[in-house]
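Note that the chains take the letters A, B, C and D in the order they are written out, and that residue 1 is the start of every chain.
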Amino acid sequence: MSILVNNKTRLVVQGITGRDGSFHTSKMKAYGTNIVAGVSPGKGGQQVDGIPVFNTVEDAVKATNANTSIIFVPAPLAGDAIMEAAEAGVELVICISEGVPTLDMVKATAYLKKKGVKLIGANCPGLITPGEALVGILPGNIFLKGNVGLMSRSGTLTYEMVNQLTTNGIGQSTCVGIGGDPVAGLYYQELLQMFEDDPETEAIVLIGEIGGDAEERAAQYIKEHITKPVVAFIAGQTAPPGKRMGHAGAIISSGSGTAAEKIAAFEAVGVPVARRPVEIPVLVKELMEKRAKA
Amino acid sequence: MSILVNNKTRLVVQGITGRDGSFHTSKMKAYGTNIVAGVSPGKGGQQVDGIPVFNTVEDAVKATNANTSIIFVPAPLAGDAIMEAAEAGVELVICISEGVPTLDMVKATAYLKKKGVKLIGANCPGLITPGEALVGILPGNIFLKGNVGLMSRSGTLTYEMVNQLTTNGIGQSTCVGIGGDPVAGLYYQELLQMFEDDPETEAIVLIGEIGGDAEERAAQYIKEHITKPVVAFIAGQTAPPGKRMGHAGAIISSGSGTAAEKIAAFEAVGVPVARRPVEIPVLVKELMEKRAKA
Amino acid sequence: MKIHEYQAKEIFSRYAIPVTKEKVCYTVEEVVETASSFEMPVVVKAQVLVGGRGKAGGVKLARSVEEARTAGEQILGMDIKGLTVEKVLVAQGIKFNSEYYVGLTIDRNSKSVIFMASSEGGVEIEEVAKDNPNAIHKFVIDPDLGMTAFLARKIAFKLFNDFALVKQAVGMFQKLYQIFIDTDASLVEINPLVVTDDGQLLALDGKMNFDDNALFRQPAIEALNEPDEDEKKELEAKEKGLSYIRLDGTIGCMVNGAGLAMATMDLVKYFGGQPANFLDIGGSSSPQKVIDAMNLLLSDKNVKVVMINIFGGITRCDDVARGLVTALQQLNVDIPIVVRLSGTNARQGLEIIKEANLPVVNTMSEAAQEAIRLCAACQ
Amino acid sequence: MKIHEYQAKEIFSRYAIPVTKEKVCYTVEEVVETASSFEMPVVVKAQVLVGGRGKAGGVKLARSVEEARTAGEQILGMDIKGLTVEKVLVAQGIKFNSEYYVGLTIDRNSKSVIFMASSEGGVEIEEVAKDNPNAIHKFVIDPDLGMTAFLARKIAFKLFNDFALVKQAVGMFQKLYQIFIDTDASLVEINPLVVTDDGQLLALDGKMNFDDNALFRQPAIEALNEPDEDEKKELEAKEKGLSYIRLDGTIGCMVNGAGLAMATMDLVKYFGGQPANFLDIGGSSSPQKVIDAMNLLLSDKNVKVVMINIFGGITRCDDVARGLVTALQQLNVDIPIVVRLSGTNARQGLEIIKEANLPVVNTMSEAAQEAIRLCAACQ
């Protein structure tokens, strides 16, 4: 099982001939991801790493039955690329591009909702189902197949957390980087429900950060819908208000969106919040053992 | 049964304080239609014919649970009015207004599709389920309750046809004027299917006219999906090409959209086409009797 | 509403779509002056609001100023399908090596704007549609998205292999869609769209029609309207709430409702008569409308008999009858009139008609047959 | 990116949204000249890119030219939250009888633009949100529809009973949305929106922020940018692919990834240290980036120790190590450095670090604790 990507994933890479696109294509391929096509307008007919390149996603999907797309195109073109993928008939789009204008994402997410196509990102590291498919820029070697589902608004912090889990012998079902932009695709609620429904996931790690109220909403959702144990971490406890901490979405506006509020929201619904990354595996183990006994 | 409107219809009239709106409100009310509200921005709190008037459709729906809206506002405002009705939560919108810009209808029909709301018109006479509800500007007295479903792109020609049916003792389940504009709401296919599914409808009369290929598509649809007898009539056999015959949609462009083509399309799928209005009741009777015997 | 080629291309230019260097001329002198300021060759093209000018000799290539003068003399004032050529476009001749067709219009079935593209440009697209429909690619434009870059690219790849052309086309297609939306068009066409010898896309000819229902918010477009004689009469009628189209027959028809009006014409024809017009007096008729309508019918000297066919819904038959009686009092009507009234207040209307000693019939069929009989009698 | 009140109102004016008659002034002389050409009273308002100018004394009513001069003298050059006032807006005083708030921003949950409206205008909307959240009406704008007339009317009816005001508001709200879309704004506010004594809606104050990610296609907006000293440094960093925010502490942090950078700061604080900055060197780091980052850290004289925390994904640890060694060779680094490298090519990176005789640790926790120890030692 796992969620979203697995060995049935047939991946098309949009922007495959670009610097990042070609680099990560070879990384993903080396991990074992089934990459069936690439797209680069004007380069249709070429090959990258033995993968056929098409001019349009439609051509790629028609020729290869790709069902998932990952996007590495420059930010000004990313909104259009997302919609192109959805229109061409893939079921899941992962947009890695960073710096996509917010209104482009407003338009793209509305379109994908109408088409019933799922989106991860933009401005995200992608996702991985260890041992099956790596669809993103995550370093595959730190992941371990197992039963913890993880979702995060950040990239390298995710790696740090996963590393903590893996070195403590705790494997992962699927790890999803949902991205750090204000308007993004799948968010905590949808992923929480997918992990809840996934028989291979036994516990969930949620890594949040300052800005917005997604964590507060996730806490409420957990209270109402999630029976599996959840552990959380919030980055940005020391972030000053009014400053964008790297991610476009990581900003404390008018005193709301603080780490303190988010931590309080989780603790109020019984979700333990790690104060340091090293606490994560400890908390996960505790809860999983408790659940096993119950 | 019947389709679309009946004694469960709770109607809100948009533009109720206008000349046409108020006139037809009293006509519809006199027929027995359950009119629960009117809308006229800036006139909320007033009454028309004992019907409460609201500033917005949302207010009207909240206060009265209206489920159907009829629109009499000036054409430049009609597209917006259609979307307002859909957003406010009614299930069916009937737009009487004539002369709505086509691009406004493109936008409105796309929105209604997304919301799952049905639209009749614009530029249509509305519809009637005899004995239950008149939602439009049709003259109620010519209709007779019965088992023939009728759909038409025109107004007075519909009355002529209905009159032929009624004076020959053939009653109607529901009669729908779908309107004469190039971009309109429900069209032949959808209504054919509704009549097919309606246990009270035993035969269907389809009144077409020149322009577009809706009749050709309807013929194809009848061939594939409709088991009940259908009789057709096409207006405009003598219309010259390139001239808009009153209705925005009634135009023969580049030699296509002619009456001859449409008649041929129906006859090719076994749908008899009346050459004159008086033939309609004759053909209907024949087919109904044939069906009764079978 | 239609506009001329040169007007369409002026709009294209405003959106930075490349067109030929060109100037519209109203006299032979202007043609000569313009041609003198251009490099040779030039093309002289009749500007008339009707198709088929090429076959009619309305387009001529000129290799010298003298040839341009001759072309101007021949084309200005010529008759094309009943229209007199009052202006020509003098355009710089362009070397090109391929012709395409692109166009936007409203699609009734998808309820959207569609983009049409074909590699078979330079000929009438209707002929391509008939002979080789697969040569026309059609793309529905989602009104929520408009012409996205990816859709424009998808279309462009159907036409061009050269990516440099694809990139030019993407921008051009997005602009064409914007023009369509901004002007409430019903048709925007470039035919042919050419690739010049130096690899540039260029609109060699352009065509635009507009949604009459949207002209109220397009004053700049409406200002370009040049109705011909028939259209002027139609517009005049429209201002009075009447929808009128002149035909060649002898039986003047006055009907309420477009569908019924067409059916009435059809019935006249069915019984062997010739309708003189389509005339829809519309929904809520006042007596004045009937007077206006009668005036309009009588202004056509071909009309030998008037047939009135009213099915009262909103229209009240007694209103029509009163209007008719007033019209007959005001106007000098010397031709027979047949009246059929049904529906709302028909009885009251028929009484008024009978009092005015006009022949009354009960059905459409009777009305048509009686009109034909009277028409034959008066000839 | 933020702009001044007067700039926002210039944009409003361009869209025909009524604003006060006003002029921006850079000197007291200009203030006097402007006030002399206006009717009395006028309002003199500090133009600074920070909130709370009213409480700081940056807004003054002047009933005479002399009072305007005094106000100009007091406000020009004053300090508001660390920013020097370099210009003031002299605006015509307006009589009004009610104040409202309207604003547009991005809503993360609906993934749409939302319109906010409140009858409690003229005070900070954040305070209204805290004290009386029900007083703020929020409306999600469907991106496929934009601000329809019916939505604008629905909003307007929440604020106004007078239909004449509703009609004015409908047009204004539609224009505000258009401004938001046209400029890639992230915030558009009118606060207060007032009803003048003669029944006109007017934007008494205006505020606009913009989406930094969209500035590439908004050159006219980007040209309005006036970064302060800190922001200049941040922008400079951004041009080098670094995301930098200065703080008040002593431990300089260099991290790859925003989330990890925040978590690193948090950990420093957890162990009792004070982070000197947020610094994300981003995804695919070249050695040059590390050199630039080190330069940036060392330019802050408060920094007593540098802590490098890299988790290699795309970033390769050996690249970071090489960049660091080069930086140390080029720069005169006289403060201690702690390096933690994990992930892609960590082993190779650590070897390079060790060869350069730099202290190496294994975990984030160790790095933070070691940095704090070194910092304490060097003070």
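Annotations
We adopt the following convention: a contact is a pair of C-beta atoms (placed from the backbone, for glycine too) under 8 Å apart; a residue touches a chain by one contact, two chains touch by 3 or more.
Computed from a prediction, not measured in an experiment: that's the story for all the values here.
Graph distance from subunit B to subunit C, where chains that touch are one step apart, equals 1. Comparing mean CA positions across the assembly, the chain most remote from subunit A is C. Set against one another, A-C and A-D show the most C-beta pairs in contact at A-D. Centre to centre, using the average C-alpha position, subunit A and subunit C are separated by 55 Å.
The mean-CA centres of subunit A and subunit D are about 27 angstrom from one another, to the nearest whole unit. The distance from the centre of subunit A to the centre of subunit B, with each centre set as the mean of the Cα atoms, comes to 49 Å. For subunit B, residues that reach two or more other chains under the stated contact definition are 107, 110, 114. Listed for subunit C are residues 142-144, each touching two or more other chains.
Subunit D meets subunit B in the complex at residues 142, 144-145, 148-151, 153-154, 157, 163, 166-167.
Within the complex, the subunit A residues that touch subunit D are 20, 23-24, 75-76, 98-107, 109-110, 125, 137-139, 141-142, 152-160, 163, 180, 182-183, 207, 209-210, 212-214, 217, 233, 235-240, 243-250, 254-255, 259, 275-278. Within the complex formed with subunit B, the residues of subunit C that make contact are 106, 108-109, 111-113, 126, 129, 142-144, 181, 184, 186, 211-214, 216-217, 243, 245, 247, 255-263, 265-270, 275, 278, 280, 283-284, 311-315, 342-344, 363-365. Here subunit A touches subunit C in the complex through residues 41-42, 44, 55-58, 77, 80-81, 83-84, 87, 107, 110-111, 114, going by the rule given at the top.
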